[in-house]
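Listed below are the structures to be examined.
Shared chain: subunit A. Partners: subunit B in the first complex, subunit C in the second.
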Partner chain A sequence: MRMDRIGILALYLITWALLIVVAAPLLVVLAGAFLDPSLLGVSSERWAADTSAFVPGWFGYVFALYGRSMQFSLLLALLSVAVCIVVSVPAAYAIVRTDSRAGRALEEITLLPLSIPGIAMSIGLIQAYTIVRGQWWLILCGHVLYTIPLMMRVVTNALRSFDLEKLEGVAQSLGANRWQRSLFVILPNLRHSIIVGSLLVFAISWGEFNVSFLLNTPLHQTYPAALYATYTANSFAVSSAATTIFLAVIIPVLLALQWIGGREFNRLEQAA
Partner chain B sequence: MLEVRSLEKRYGAQHAVRDFSHRFADGKITTILGPSGSGKSTALALIAGLKQPDRGTVHLDGRDITAVPPERRDFGMVFQNYSLFPHLSVQKNVEFGLRVRGAAAVERSARARETLALTRIEHLAERRITEISGGEQQRVAMARALAIRPALLLMDEPLSALDAKLREELRAELLRLLGELGITTVYVTHDQTEAMSLGHEMIIVNEGRIEQTGAPIDLYQRPANLFVANFLGDSNVFAAEADNRTGQVRLPFASANGSSPDSALKCWAMIRPEALELVRQEEADFSAIVESSTFLGNRLRLCLRAGDETLIVDTANRTPIALQTPVFVRVKKEEISTWPR
Partner chain C sequence: MNAARKLALSFPLILLLALLLLYPLALLLGRSLQNANGLGLSNYLLLFTEAPYRRALFHSVILSALVAALSSLICLAPAWLFANENFPGKNLVRAIFTLPMSFSGIIVGFLAVIMLGRIGAVPQFLQRITGHNYLAGSAYQLGGLVIAYLYFEIPRATLTLESALRKFDPQLSVAARSLGAGTWQRLRLLILPLIWRPLVSTFAVTFTVSLGSFGVALILSKRFSVLPLEIFQQITGYGNQGLMAAMSIALVLLACVINYSVRATSGLGAGQLQDAEGRGGAGPPSGRRIDAGEGTPA
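So, the complex of A and B:
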């Protein structure tokens, strides 16, 4: 009994210690974003912070300097999600429904980009498409290549979790044509998976660094590349503020993923 | 009337269904019975139009509908795992067929309620599919198929996923419902009891081919071949000889009644377990030794050894018999079926 108490206490202590170790850097970053300009000493940024007084801390300065990067990264993430949905859902359907050797091979191929380092992928893209180097959508291509395997996996798994052939057969016998079957039977059952996949794709695209950094152009800088720039060129306060903004976008997405993913799991458990 | 002519379906070199021809009686239940992998589900899918035959045609009321897609055939379908739409409520599942036909919401709802009442699950209308039991799901699947007032009802092992007691209960219910509606039904199953108790007519398939068709009692009493004899019900099958002139069967273990070997025809003989009776010595055709005896509730099943053959015998007398006891057996001669060997 006594041993149990001590054991549980030790577990609590270890858990809390780990939590502090993990959370401490985040807290330091958060505090850094509100660092008083006077503490920075003489710096060009001190002046900048004073002039953007209507936004607390260093955020105004970061928005002014890297606002375009943020917009670009958000746009990239949203477009990645859109492209992934439009491509993956029909492709996953075709692969699962035909259940052919060619389909399975295709499925493996779509997973391939995950095993290629970002640097190799970027250089590959640059060398293969020299002419379009510097076009913003080449970065989009890189992001899509990295995110499509995940979307494909999520959607094919969902499609395999129910007997698609029978479900469609029944719908068909009840008079539903191809479009009605997609709209009223397949898509409603994929809704959760598409949402989960979209959140994953968004999170990965928003945080993707390798491809973003190497295909970066002065005109089209992604936010992670901008973050890197703040770490190399700006003060601790500015990079803290920039990092805080980065986290403010990605943490809600990850929480949503956790929440919906858990609900989806429960739903599947019930159905089984 | 539904008619299929010479249906054939191949998967690679293998025939799933071949030379499948039949006229299905209007307003009756036809059961298709066969072992697993015999092609019975494929045959049903060909009738439904969910699969296209490599050869042969499907006709409805004289019209060739082979090329008509399933969504325009108006055939209701019920599958083994029910395939209910998991994202819809019970009522919405039943309404589905009417919805894709563009029926107004009021009409849809009224018809769905009516059909749910027919299958006696009106009270479940608002439930989610995950909240109801297997038996209830089966009723929803049934209601969903019936709501479109189908020209034909196709059922693929609809009760196989249920436990024995529920299966029996729903079988009786199905018989009542289909009888009331008088809808032509094709019912695929691997369960003999189901096939015999539900079917006005039965089709026995094996390796994609029809072995025999007819009323269940005829198939049971006069199996057309060894496969049917072995497959349908319990049977004792053995090599025997039949007298060339009298046609009388000479059983290998009942050596007493012999006919001359030169006038004998080699044949297979089949005797049902209930066609063998335990009698007193002077009435017996042969004697045997009890090898095992199993109590089956309403009867006793004995396993007897007679000569080199092992025979199963069902007896209504349920007094246990000790093993190795010698017994005397009479054969109901008129119930022996034979085929040339």
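So, the complex of A and C:
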């Protein structure tokens, strides 16, 4: 018994230590974005007019400099969500419903990008589509390739969690045609997992760097690429402000994912 | 509807994968085999004969393996707590743990610099306390690189392990204890065999992510080159196309070999773990969590 206590205590200690490791840098970034750098003793850039300790001015500077990148990344993330839903929901349905060898092979191939390093894939895309390099939608293609496995997984998991065939059979026997079945029977059952998948896709697309970095052009630059530019060119305060903006978008999405996922999780546990 | 017509619904997906995944990969493979004298493996040989490339390949494998092993072991602690214990603020703690998942490598690199750089927060803090700036600049050394890689592996390893541990019934441990098994016996005979497979598949997941990550190395690495960085240098320096393709294919092969061999040996690789849970129906779709842990490029 005593050994168990010690064991659990050790688990808690490791967990808290890891929590500090994860959270501390984020707090330092926040502090760096909002506090006057001279308070931290590293003032290298002079910012006229602002003399208070709490300076919101850098955010304006970052927006002015990288606003376009932010818009572009947001657009990419939303488009990735849309493409992923449109492409993977019907495919997931087909794969689960037919339960065929071809379907399983397709599923396997869809998951393949998860084990392919992004930079290798971007080299492949660049070489395959040299002519259209620099087009913004090639970046979208890269994002879709890396987010579609996630959407597929979430949706196929959901489809496999209930008896699809029986459900459709019941609806059919009640006189529902194919469209009615998919719109009023199958899709409502998938609503939750599509939301979860969309949040996941949005989050990954917003932070994607590996595959899109080499596909970027000065005209179409994703926000993570802009962050890289900031880190190499700007001061700590500006970099922190830019990172804070990145976090301000991603953290609510991840929290929502946690919250919705958690609720679903509890509900299922109660049902079991 | 017959099966063929149903499968037609997946046509957009097939088209997308063919154009964006299979064709570029095939092209890359073709390029990697081409050289001045026709077809051959000479580009791949360069990876082993030229010292810088050989070193980068070696570094990539060692660093990824080290980070994967460390993160799989360390993250057993939070994964176990999230799966089996209830404590106040658990959801918040868990949420914070998942944060680094969608940070791209460059952000992790930046965080490492502000914490462990030459005037990083940790050395500054230590200077205040001890009067000496210990750890200053450690971000740029191997240790810093390992810590930065661990940073983005923590959520992945934790979530992958957690969903595996959820299937583990804590009553088993109680039963074993009531049968007279000591802590050590339970650990060795009960818990270790049960967590072995999840550990191995977590290793595979984290290894793959580390292998492909290049943002961290781009920011931090001064002398310690990794393969993705070499690829990056080839493309920015208008280097050897064939060599670049060979490096990319080598990365892909390495990642796939690790993933699929783990799957084959443990029968519990990423995809199958998923299937087992999804098909089971009764279990919670914790697959989503694995997704999250696994799929995200760092």
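Observations, loosely collected:
Following the convention adopted for this analysis, the second predicted complex is superposed on the first by the 227 of 272 C-alpha atoms of A that agree within 3 Å, B and C clash if a C-alpha of one lies under 4 Å from a C-alpha of the other, contacts with A are read in each partner's own complex, and residues count from 1 in each chain.
Throughout what follows, a contact is a pair of C-beta atoms (placed from the backbone, for glycine too) under 8 Å apart; a residue touches a chain by one contact, two chains touch by 3 or more.
As the structure is a computational prediction, the values presented were derived from the model and not from experiment.
In the superposition on chain A, contact is made by A:172 with subunit B only, not with subunit C. Contacts of A:180 after superposition: subunit B is touched, whereas subunit C is not reached.
Taking subunit A as the reference chain, the count of touched residues is higher for C when subunit B and subunit C are set side by side. In the superposition on chain A, A:189 makes contact with subunit B only, while subunit C stays out of contact range. In the superposition on chain A, A:162 contacts both subunit B and subunit C.
Contacts of A:76 after superposition on the shared chain: neither subunit B nor subunit C is touched. Residues common to the contacts of subunit A with subunit B and with subunit C across the two structures: 162.
Against subunit A, the residues of subunit C that register as touching in their complex are 1, 3, 6-10, 12-14, 16-17, 20-25, 27-28, 31, 74-75, 77-78, 80-81, 85, 87, 91, 93-107, 109-115, 119, 121, 124, 147, 151, 154, 182-183, 208, 211-215, 218-219, 228, 231-232, 235, 241, 244-245, 247-249, 251-252, 255-256, 259, 270-271, 274, 277-279, 281-292, 294-298.
Here subunit B touches subunit A in the complex through residues 45, 48, 50, 69-77, 79, 81, 83, 85-88, 96-97, 99-101, 129-130, 144-145, 148, 154, going by the rule given at the top. Residues 3-4, 7-8, 10-12, 14-15, 18-19, 21-26, 28-29, 32, 40-42, 86-88, 90-91, 93-95, 97-98, 100, 102-103, 106, 108-121, 123-129, 141-142, 144-146, 148-150, 153-154, 156-158, 160-162, 178, 193, 196, 200, 203-204, 206-211, 213-214, 224, 227-228, 231, 236, 239-240, 243, 246, 250-251, 254-255, 257-259, 261-262, 264-265, 268-269, 272 of subunit A touch subunit C in their complex. Looking at the complex, you find that subunit A touches subunit B at residues 162-163, 166-167, 169-177, 180, 184-185, 188-189, 191, 267, 270-271.
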